[in-house]
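Below you'll find a set of structures to go through.
Two complexes, one shared chain (subunit A), two partners (subunit B, subunit C).
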Partner chain A sequence: MTSSRSSFRDGRGFDRLLVGLTLGFLLVFSAFPLVYNLIMSFQEVDLFTLGSFDRPWVGLENYADVTGHRVFGLIATNTAIFVAVSVAAQLVIGFALALFFQQSFPGATWLRGLFLAGWIMPGLVVGAVWSFILSGDFGVLNWGLMTLGITDGRVFWLSSPDTALYAVIIANVWLGVPFNMILLSVGLSAIPEDVYEAAELDGAGRVRRFLTITLPLMRAQIGAVLSLGIIFTLQQFDLFAALTQGGPANGSNVLQYWSWELSFTDYRIGQGSAVSVLMILLVVLVAVVYVRSTRHEHVA
Partner chain B sequence: MLRDDRFARAGLLAIALVLVGLYLFPLYWMYVTALKTGTEISAWPPRFWPETPDVAVVEVWERLRMGTFLWNSLIIALGTTAVVVLLGTGCGYALARVRGLWMDVALFLILMMQVLPSSLMITPIFVAFSQFGLLEYPRLSVILAQVAKLLPFYVVLVRATFLQVPRELEEAALVDGNSRLGAFLKINVPLARNGILVAAVLIMLQALGEYVYSRSLIQERAFQPATVGLQSFMGPNTSDWQGVMTYAAIYVTPILLFFVLLQRQIVSGLTSGALK
Partner chain C sequence: MTYQIEIEGVDKHYGAYHALRDVDVRIPTGQFVALVGPSGCGKSTLLRTIAGLETISEGRIRIAGRDVSSVPPRERDIAMVFQSYALYPHMTVAGNLMYSLRLKGMSRAQARARAEEIAAITGLSDLMHRYPRELSGGQRQRVAMGRAIVRSPAAFLFDEPLSNLDAALRVHMRSEIRKLHNRIGATSVYVTHDQIEAMTMADHVVVMRAGRIEQQGAPLELYDRPVNRFVAGFIGSPAMNFVEGLVTEDGRHVRLALPGEPALAFTGRRPPGEVVVVGLRPEHLTPVGGDQAGGNRLELPVALVERTGSASYVVSDTEPSILIAATERLAGLRDGMFAVAIDPACVHLFHSDTGLALDRMG
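Moving on, here comes the complex of A and B:
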């Protein structure tokens, strides 16, 4: 008691207490569910065994059932496409916008900030608005595409298995662009102006300056945006719920949505846990790579 | 020369306005559709301005019992924010002040907790909460689950703010005989107040829009928040787009107003926290 009180007075105990409160909460409500998830993925968990603490162990059966399921290949491919296309499009569009708003004109910073209005919106509302924009019969996107002559007829974005995934991707890119743009803008404004001036004196054109100065100096920033983009994209759930519910015929289903479906609509909770464990491993792996790379930047 | 420059700036501004307009078009479309009646909504080509504007706010509010949904959203968001701020502020402060292996480990763990997707954590959280009887208190369940999700983000944001508070002021207060707690509350918290406020607003906005936990942990309609209400109203084959968009507009207009008022602070808070 005396020792803890003296350490409280000299300060270390105070700091430990403050960090301990948060870590304690996270231990109970994040770390424990993680472990419990892992345990359940090796058990048979359904409506009958839900309340029991003594469930039958099934070894790797849940994992085998899930990966051997006839839709697993489709859903895994969808997940890869969803992440790759979303992240790439967000990066390219976000980078282009960041470069544009880096130029000096009145109101540039304020106008750039307006883009975050999209990021602040609840995912479910964004999904609702896009599901009307994407609607096949009187959707304004179809009208735009047909007026510009890009498509001949109406595209039934949400109800056709070939386009449903891309419909969700469009909405997801819209949500993700502002975040990419703001983070890349921060990196761009950190590049000293005189580097460009020197290159201009040496006769380097715009494209050359972009390729030899901007891209290399933005490497860390692009890495950060890519990893955060992958993490956020793997967290996306609301847009699937609002736009397609993973359908039609799993055409737009992804692993994070499937995991929820297995647990909450099929009540095959053990299998939902198995998918969840696999996905969490993936997300944590990306996060570790990201955190390690930022650490190196700080040391350097 | 100067003339050219002015033209170029005006041109850039014009392009910028077009880009912002294109990007924010979905928001405009939400408000315009909320003002259209059924015939105008199914008009082809689409009408970009309602010819006979029809405000359905009162009707939608009453028919869909939005008062209950929004009240639940507010309770959940305020509860989440309160717990996050109470727990997280001190943690962010300690992580900014103390350096050492253990603090690095703690920070790393907190960063890892931040990336766990809600849709994947909900399975074990649901089963555990139902076994320990927490589902009897559905809104509290959602608050606890959300705090676990948002607390790390808040700690990271607030830590970045406390890093900017000069150490000397706090040391002077300690020399004057203040306790650590006294110095923290009287010196550090007031000086970091803006950063704390912005971080709290960001947490509250996220909590206001949460869906997965509420959908999965709250069975009873009377306790569901606005996101779940919107989803069940939309259904798979909705044709009442005026109703959906009116609902959406009522729900997000306060959020957007908040954003416009605090735009600059939100942008700077976000950029300082996300990269450190």
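Moving on, here comes the complex of A and C:
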């Protein structure tokens, strides 16, 4: 007792305590669920076997069931569109805003701060707000479009199979733009002003300066924003729950929402786990590409 | 004489702040001009207005005869070496050198050949594939120089290019830049706060203070005939001594406000009884033997003697203290009185209020 207390006081035990706490947290809340999920994806898990660890092993049957499901193609395509369009739009709009706020004008810092408001709001709340905006009967978007004469009749954004996915994408882009903007702003302000001045004296106009100076020097930030954007977008669940619940007829369903549906509404937990394992593989792949692309990054 | 850069009546305001006040400079083709002054004097602003990186509020700037006052920087045909070098961090040395050539539409092969040629002149040939972060301070400086030379511009602008180097390298690069100038012969404007750099490198020195030109001319002209107390104190190292003085009845001597009120003869004459500021350069006060009779003699109590080997500095125990720079070793001198002589032609007189150099009547 005395020896452990003295070792704590001279700091030798403290480092072990800190490492132990972190490691314990990761084991309990990250590693265990991950491994447990992986195990379940190879088992037959339903309401009857949920309570015991001793469940029938089914090999890759869950994976075969899931990938052979008649909606799998639709949902995978939806996921790809959702991720690609969201991330591209977030990057372009976020970059444009970052460039805009890089100009010095009165209130630039304040306005940029205001843009963060969207980011700190819970996804469910954002979803509720957007469901008001996108509502077919009383939505402000329809009112605006009709008043401006762009559309003749009401568009039922959330309940039409053609628009439901894009309705969620719009909300998701809105949610993700501030994060992109802030990260890209940090990168932009790290580029020294005199490098631009040197380029200007060397004969580069605005467009050339953007293409030959800004973009190459922003490579690391763009890579980070893209890969984090893909990961965040693959995690996006709240907006689907709040806006379309994957409907109509899986028209806006994506893998992450489907995984939840399989597990917690259909209680085909083994199949739900298989879908989430597939998603984990996807995220790991993105992370590896990102880490490899930044490994050779030139730090100025 | 043809002028490569002509600056006429240029004014620059930043809001209420008056950064440049009615600046006139004419730079003959091929000259090396130094803009020198304390920080905040407007020298960098003036350089940036020539480059077009700052707009001017009033006046006119001509480069090679063309009015460029409202021409954007990239159309001015000017190259600049920045204090931070401002190299393109994502490009190799070769990329940095070729950037402007490629923008001009030169083919890759041609641009590379030209870059190689410049690299040979600036000693960068072995570093062409390196990135700026892999270079030492001196090498980065060379790349910045090379990037400017490669374009053969109408004029070179230097914004304190040596201030980030250590003292030894600074002295070395000083002569390198000047040698390069002699070789290329392009008009150069060089901003520095270091008057030694200005004096040693430039054909023509422009001394600035508070947005105004105090004096401009050949380096030794500024040293020999400063128009006011500011220029007199700024040019020359160690700095000139200033003592208050009173012109005597004969109008040819000045009585210094030092113990014993010694009188010094000066050339010409001033009204008797006039209160003036007397300027004495430390190197013009030459030690004389104790009992030797000299025309213009000053005896001062010694507070401190510093010997560097090549020179000795004596600080007098007076208020204000007088610094004497002698080339002798002055061995044995420790305290007591110390006698120096000065040529009447080297006694500078300034107005006690305005600080302007005073005319001497015959």
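Just so it is clear, the second predicted complex is superposed on the first by the 268 of 300 C-alpha atoms of A that agree within 3 Å, B and C clash if a C-alpha of one lies under 4 Å from a C-alpha of the other, contacts with A are read in each partner's own complex, and residues count from 1 in each chain.
Note that a contact is a pair of C-beta atoms (placed from the backbone, for glycine too) under 8 Å apart; a residue touches a chain by one contact, two chains touch by 3 or more.
Owing to the predicted nature of the structure, the values given are computational and were not obtained by experimental measurement.
When both complexes are superposed on subunit A, subunit B and subunit C end up sitting side by side without clashing. By the touch criterion defined above, A:Ile120 reaches subunit B but does not reach subunit C.
Using the contact criterion defined above for the overlaid structures, shared-chain residue A:Leu217 touches subunit C, although it does not reach subunit B. In the superposition on chain A, A:Phe42 makes contact with neither subunit B nor subunit C.
Within the superposed three-chain model, A:Phe53 lies in touch with subunit B and out of touch with subunit C [touch as defined at top].
With subunit A as the corner point and C-alpha centres for all three chains, the angle toward subunit B and subunit C works out to 80 degrees, nearest 10. Of the two partner chains, subunit C is the only one touched by A:Val195; subunit B is not. Once the two complexes are laid over each other on the shared chain, residue contacts for A:Leu97 go to subunit B alone; subunit C is not touched. In the superposition on chain A, contact is made by A:Arg208 with subunit C only, not with subunit B. Looking at the superposed arrangement, the partner reaching more residues of subunit A, out of subunit B and subunit C, is B.
The superposed arrangement places subunit B and subunit C with a least CA-CA distance of 6 Å. Common to the subunit B and subunit C contact sets on subunit A is no residue at all. Here subunit A touches subunit B in the complex through residues 8-9, 11-12, 14-19, 21-23, 25-26, 29-34, 36-37, 40, 45, 50-51, 53, 97, 100-101, 103-108, 110-111, 113-118, 120-126, 128-133, 137-138, 140, 143, 147, 174, 177, 179, 182-183, 186, 224, 228, 231, 234-235, 237-238, 241-242, 245, 256-257, 259-260, 263-264, 269, 272-273, 276, 279-280, 283-284, 286-288, 291, 294, going by the rule given at the top. Those residues of subunit C whose C-beta lies close enough to touch subunit A in the complex are 51, 53, 72-74, 76, 78-80, 82, 84, 86-90, 99-100, 103-104, 131-133, 147, 151. The residues of subunit B lying in touch with subunit A in their complex are 8-10, 12-13, 15-17, 19-20, 23-24, 26-27, 29-30, 33, 41-46, 87-88, 90-91, 93-95, 97-98, 103, 106, 108-128, 130-131, 144-145, 147-149, 151-152, 155, 179-181, 184, 205, 208-212, 215-216, 227, 230-231, 234, 236, 241, 244-245, 248, 251-252, 255-256, 259-260, 263-264, 266-267, 270-271, 274-275. The part of subunit A that touches subunit C in the complex is made up of residues 192, 194-195, 197-205, 208, 212-213, 216-217, 219, 298-300.
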